[in-house]
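Read from first to last, the chains carry the letters A, B, C and D; within each, the first residue is number 1.
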Amino acid sequence: MNTFGHLFRLTSFGESHGAAIGGVIDGCPAGLEVDMSFIQAELARRKPGQSHITTQRDERDEVEILSGVFEGRTLGTPIGFIVRNRDHHSSDYDSLRDVFRPSHADYTYAVKYGFRDHRGGGRSSARETVARVVAGAFAKLLLKPFGITICAFVKQVGDIVLDKEDNELNFNNIESNIVRCPDDETAARFIARIEKAGEERDTVGGVIRCIITGVPAGLGEPVFNKLHADLGYAMLGINAVKGFEYGSGFDGVKLSGAEHNDLFVPSGSGLHTLTNRSGGIQGGISNGEPICFNVAFKPVATLLKPQKTVDKSMKETVIQPSGRHDPCVLPRAVPIVEAMAAIVLANHFLSNQINKLLLSCQEEKRTGGC
Amino acid sequence: MNTFGHLFRLTSFGESHGAAIGGVIDGCPAGLEVDMSFIQAELARRKPGQSHITTQRDERDEVEILSGVFEGRTLGTPIGFIVRNRDHHSSDYDSLRDVFRPSHADYTYAVKYGFRDHRGGGRSSARETVARVVAGAFAKLLLKPFGITICAFVKQVGDIVLDKEDNELNFNNIESNIVRCPDDETAARFIARIEKAGEERDTVGGVIRCIITGVPAGLGEPVFNKLHADLGYAMLGINAVKGFEYGSGFDGVKLSGAEHNDLFVPSGSGLHTLTNRSGGIQGGISNGEPICFNVAFKPVATLLKPQKTVDKSMKETVIQPSGRHDPCVLPRAVPIVEAMAAIVLANHFLSNQINKLLLSCQEEKRTGGC
Amino acid sequence: MNTFGHLFRLTSFGESHGAAIGGVIDGCPAGLEVDMSFIQAELARRKPGQSHITTQRDERDEVEILSGVFEGRTLGTPIGFIVRNRDHHSSDYDSLRDVFRPSHADYTYAVKYGFRDHRGGGRSSARETVARVVAGAFAKLLLKPFGITICAFVKQVGDIVLDKEDNELNFNNIESNIVRCPDDETAARFIARIEKAGEERDTVGGVIRCIITGVPAGLGEPVFNKLHADLGYAMLGINAVKGFEYGSGFDGVKLSGAEHNDLFVPSGSGLHTLTNRSGGIQGGISNGEPICFNVAFKPVATLLKPQKTVDKSMKETVIQPSGRHDPCVLPRAVPIVEAMAAIVLANHFLSNQINKLLLSCQEEKRTGGC
Amino acid sequence: MNTFGHLFRLTSFGESHGAAIGGVIDGCPAGLEVDMSFIQAELARRKPGQSHITTQRDERDEVEILSGVFEGRTLGTPIGFIVRNRDHHSSDYDSLRDVFRPSHADYTYAVKYGFRDHRGGGRSSARETVARVVAGAFAKLLLKPFGITICAFVKQVGDIVLDKEDNELNFNNIESNIVRCPDDETAARFIARIEKAGEERDTVGGVIRCIITGVPAGLGEPVFNKLHADLGYAMLGINAVKGFEYGSGFDGVKLSGAEHNDLFVPSGSGLHTLTNRSGGIQGGISNGEPICFNVAFKPVATLLKPQKTVDKSMKETVIQPSGRHDPCVLPRAVPIVEAMAAIVLANHFLSNQINKLLLSCQEEKRTGGC
């Protein structure tokens, strides 16, 4: 329920205005060097208040590792960690205690649990993703020495689309602007669009694109736990996400099979495909090409203008929000997308170690050994 | 790995040209009346050879229940079942033994396992979905008495789109044509497009839309196992699927928050939303409105015309396929989408029974009892 | 790996001399009243330094709840909690850094992980059970309103056995002495035996017996997840446990079937058995009689006298322990046994809610309704 | 619920008098050579009617592999298999339809499910263990090339105990007599005791001992999923089992710590212990010494003489059994104990592959590389 992953697992806890957000990472192999400044930097990319286009909630988001790390390296035991909540203005939410905000989780939580923490959205707040970014940072540290790199960026804000192919982009440029778009000209248009939403006390959605490179062929399971199904599940678990597509995605359905197929050519000791409509995954298993997918984020539901709604006693009412909110979550969602992708990859990477057990034995047999 | 679901679980097995496809359904409650003719009818909707626009492989697809059902009702014990494979022309695949077909799983399986069953795609064949349809039929039987109905249809073939709102459609009309589209005029255009693909020995993709009605508010988990994330995971596990979106989906990102929010109004003893951009799910939990989502299917990779590719020894070659194949999988994928959705709903429906344990106690306390 | 339970789950973390021991309880239903003084009292029963026959490590063991509880009640969201480690004399362990203590986990951890936290046994220390006692306290709070009571006591210390039947004992007397034996005369003998072990700088083992009353018939699964198998698994996961038996146990094998069978007699609207060699469980499922089992604890391996052993470079050496240790863990293990039993029962109790879904429907049908 | 294992998993199905017993093995690595005659031989060891001291039910117990094996080797995909039930005399059970047999699962199933298959015990019959023996045979085939050997034998029948140490026994002798005891003289006494039980139309219990050799150090998890806890859970899931102990077990509690500790001595490039009271497992992890444990089986509840009991309408009645039954299940339970142990070991063995990922990297670092 609050656990993600199989061999590399995050169990997450925490409410937006509770004492802390935290988690337990189980299954991280022993002996991994833990670069705390990297982990803290990942949190800084997700942090509120990082620029004028994000919420001004002021959190330092300092992570405290409580277990599983000793003398700078992982022990193989579970890594417990917490990030204290500090700047919660819970009184901002007093008027919302018995009211169901439109397109929020207030009503569904009330029905499901009969009782809820109304402060800042409680458990339904995206503040919970702090835990995912910490776990994702560990996953990235695990994958990095094996050459696996995960890189996400903002591809669309409202109806403005970054109209370039991946190979036309410089991914080193992503962190150079506050909206996390590798193309500066488009970034400027995105920022203007978000500023406009902020001025209108409204919100705006968009699309994040993620590219994973260096993935060896053979990761993923053939039926359930397909690599793209696990990625899709991970992305659809992020707040405000409404859609996921990989490779050719929704547009690909318009092509014929002959147009869509990725032709193989020999490449070094292995294979390469001339196109990548498969998005790096065939039959649920990585084929060695870059993995690429898009994630759709709705415009978030919290507006800074009055809205009609209904309260607990089923009477109509009007809400006047006074909290601090993001007009557009996409810039802060980029590290969350990467974190969830990293956890998925870490799982399949570890799982793949088991496949290797008999593979060498098989090959030796064919050549007379074993 | 080959198990889907948590409380209501399918474990699936079988290769396309092996002895049988089968599965084990675990967690189906005891006492459910098993309507075998309904289960067999669901299989008939998925069956090859059902019309001139599908593959002509001739399978009766008769299911044999081996356990878990006694005197017409479920025992609460696991339901083992098999469907024998009969009309497999394995020799059609002899020439493909050492060749990697483009955009298939041949290469990725070879890398992952070092060894594969090349006949008819082996485990990567959509023939495996027979097991899902059987399990989905049990899930539908479980949900039906509680008023939950699942209904999918073909919404797009190639670039032809069914251009009507859900409420303009008569879902009783879906099974009246071989392409499974509720609008007869559009159905005719879909069929012509598929026939054209068949004539060109090519394939065509499309979109299936699914509507689930009668779902009570409160189903789904707030962080991971969000109801839509589980649905997306289920859909992305179906062969040839490239994308999933629910509610407003990818198009919704263009709206502002004020345009996108679904306003609540009182309705009977509960609530209703004036619009349904949330797709019946808020914060990962059902809100009582219809659940709706779209699933993108690529044009399948098996063409009946020659294609260049590479073989096991990394030499270039040309394949000349001779098997029997679907020019478009969408008509046969409709019951698979429904089946997977039914299994997801059954899981959350059963899980929700636990929430009820203390809910009545909570209410009694507030009114002085318990 | 570090998660216990299925529907009511504890994920535990923490090393003996790390920052904190903690855990996450997932699946606890919403609306449960959280009696913090009860939880703290349970921890006090496990706490070091509680009497002269336990280790003198001075820990307050105050639990901080970080999430999942709001205004005194559970939210249905995960309950994160920590207990800070305070009085760890890590320098006591400096000399043990590269040495493998006999019958400890030092060597096996070193082989498995290639790296370990040598301070106080690290993760292998029974200090980890703090997390289990907290989770067990929540489970007890959940079960209590439904009349399920769990009660453990010390039955044997070394070769001294409490020689009375369960029905001759007054379980209210268990907490009246420091060894947690309901019979004062035997308790005195147990205490003397433990004092003797302490004086000899040696340790002594024993047996804990646990009785669970008020369990309704129908809890447990028939094949795997048998109720007694889950209890056995839970007990064998406690440090120093070497054996588990329920009902007639190892002695029962000497009886014939005719002697061993528990005969049914009508009792109220249900059934009762004249004897209880089944230990309250038949075919893996509770039958409504008290559940009873025994747990064997070895004499713990940490002695306060010199022992020969081997170090990391495979050289022979002698260890001179200087830490603070329990000569007998049984008095402090009583609440741990209860806690683990409570978590197991909570799981099966919640799971059983699902069985009820169709049961009423079945009965109505038989009488013409539904 | 009906799935056992984590990385190497058996999902089992089938009722005693249903169409078939079967299962799905998921997670068996690809490329394993499948020795069908070995698998069939394992089933023959469990088969009814194998000698005059077992039930005379006549089953050939031929396994049909339905998937996952191709050209004599495993594919890495799930292995579905069935064993048809043939010689079920279901009419023998007509009189038991509404009666609860003493110390059987009849009553608990009826309460749990509201409905049951009364024929031959349905799902509660030990006939289900056919599936475990098949899965165990695959696990043995997986472990064998790595030198892991599992060997169980009958240690006690009623109050007759095989009074020899493991090192005094010749395990090659186990299959030379029908009771599966390595000591011929004791075997004769066991057989006589079972014959006596048969003549008295009664039953007798006993103890099975299991020894696992060749297990490398490092298998098992430190907190939950301790190697011995998983073994205990596996054994307690076998029908009629009442207790489990490993290493020094229940008797070990009488020793002092100084007497009980296993002292390390250097041995080759590793370590060895002078004694093995730890039973080959320290801190839940294998230490390289032989793993040894005992399993207590009650005298089975099915007697061939009349017994008083109660029926569904809570009226007292007398049952007159007429089926065919084992007076003592121990000889046939030996391969079941081995099978379950093999599945546990296979899981930990595969899991341990993941630990190796960073271990070599750690070592290289210490010596300057990586």
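Heads up, the rule we're going with is that a residue touches a chain if its C-beta (ideal position, glycine included) is under 8 Å from a C-beta of that chain, and two chains touch if they have at least 3 such contacts.
Note that this is a predicted model, so its numbers are computed, not measured.
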item: Centroid-based (C-alpha) most distant chain relative to subunit C; value: B
item: Cα superposition of subunit A on its sequence copy subunit C - rotation in ° rounded to nearest 5; value: 180
item: Interface with more contacting C-beta pairs, comparing A-D to A-B; value: A-B
item: Rounded Å distance, subunit A centre to subunit C centre (Cα mean); value: 38
item: Distance from the mean Cα position of subunit B to that of subunit A, given in whole angstrom; value: 25
item: Centroid distance [mean C-alpha coordinates] between subunit D and subunit A, Å; value: 44
item: Residues of subunit A engaged with two or more neighbouring chains; value: 1-3, 12, 27, 30-31, 76-77, 112-115, 123, 222, 355, 358-359, 362
item: Contact set on subunit A toward subunit C in their complex; value: 1-3, 9, 11-15, 18-24, 26-27, 30-31, 64-68, 70, 73, 75-80, 82, 112-117, 122-123
item: Residue numbers on subunit A that touch subunit B, as the complex places them; value: 1-4, 12, 100, 102-105, 107-109, 111-115, 123-124, 128, 156, 158-159, 197, 200, 202-207, 217-218, 220-226, 228-230, 232-233, 236-237, 242-250, 252-266, 269-271, 273, 277-279, 281-287, 294, 296-303, 305, 307-310, 314-316, 352, 355, 358-359, 362-363
item: Touching residues on subunit C, where the partner in the complex is subunit B; value: 7, 27, 29-32, 76-77, 145, 222, 350, 353-359, 361-362
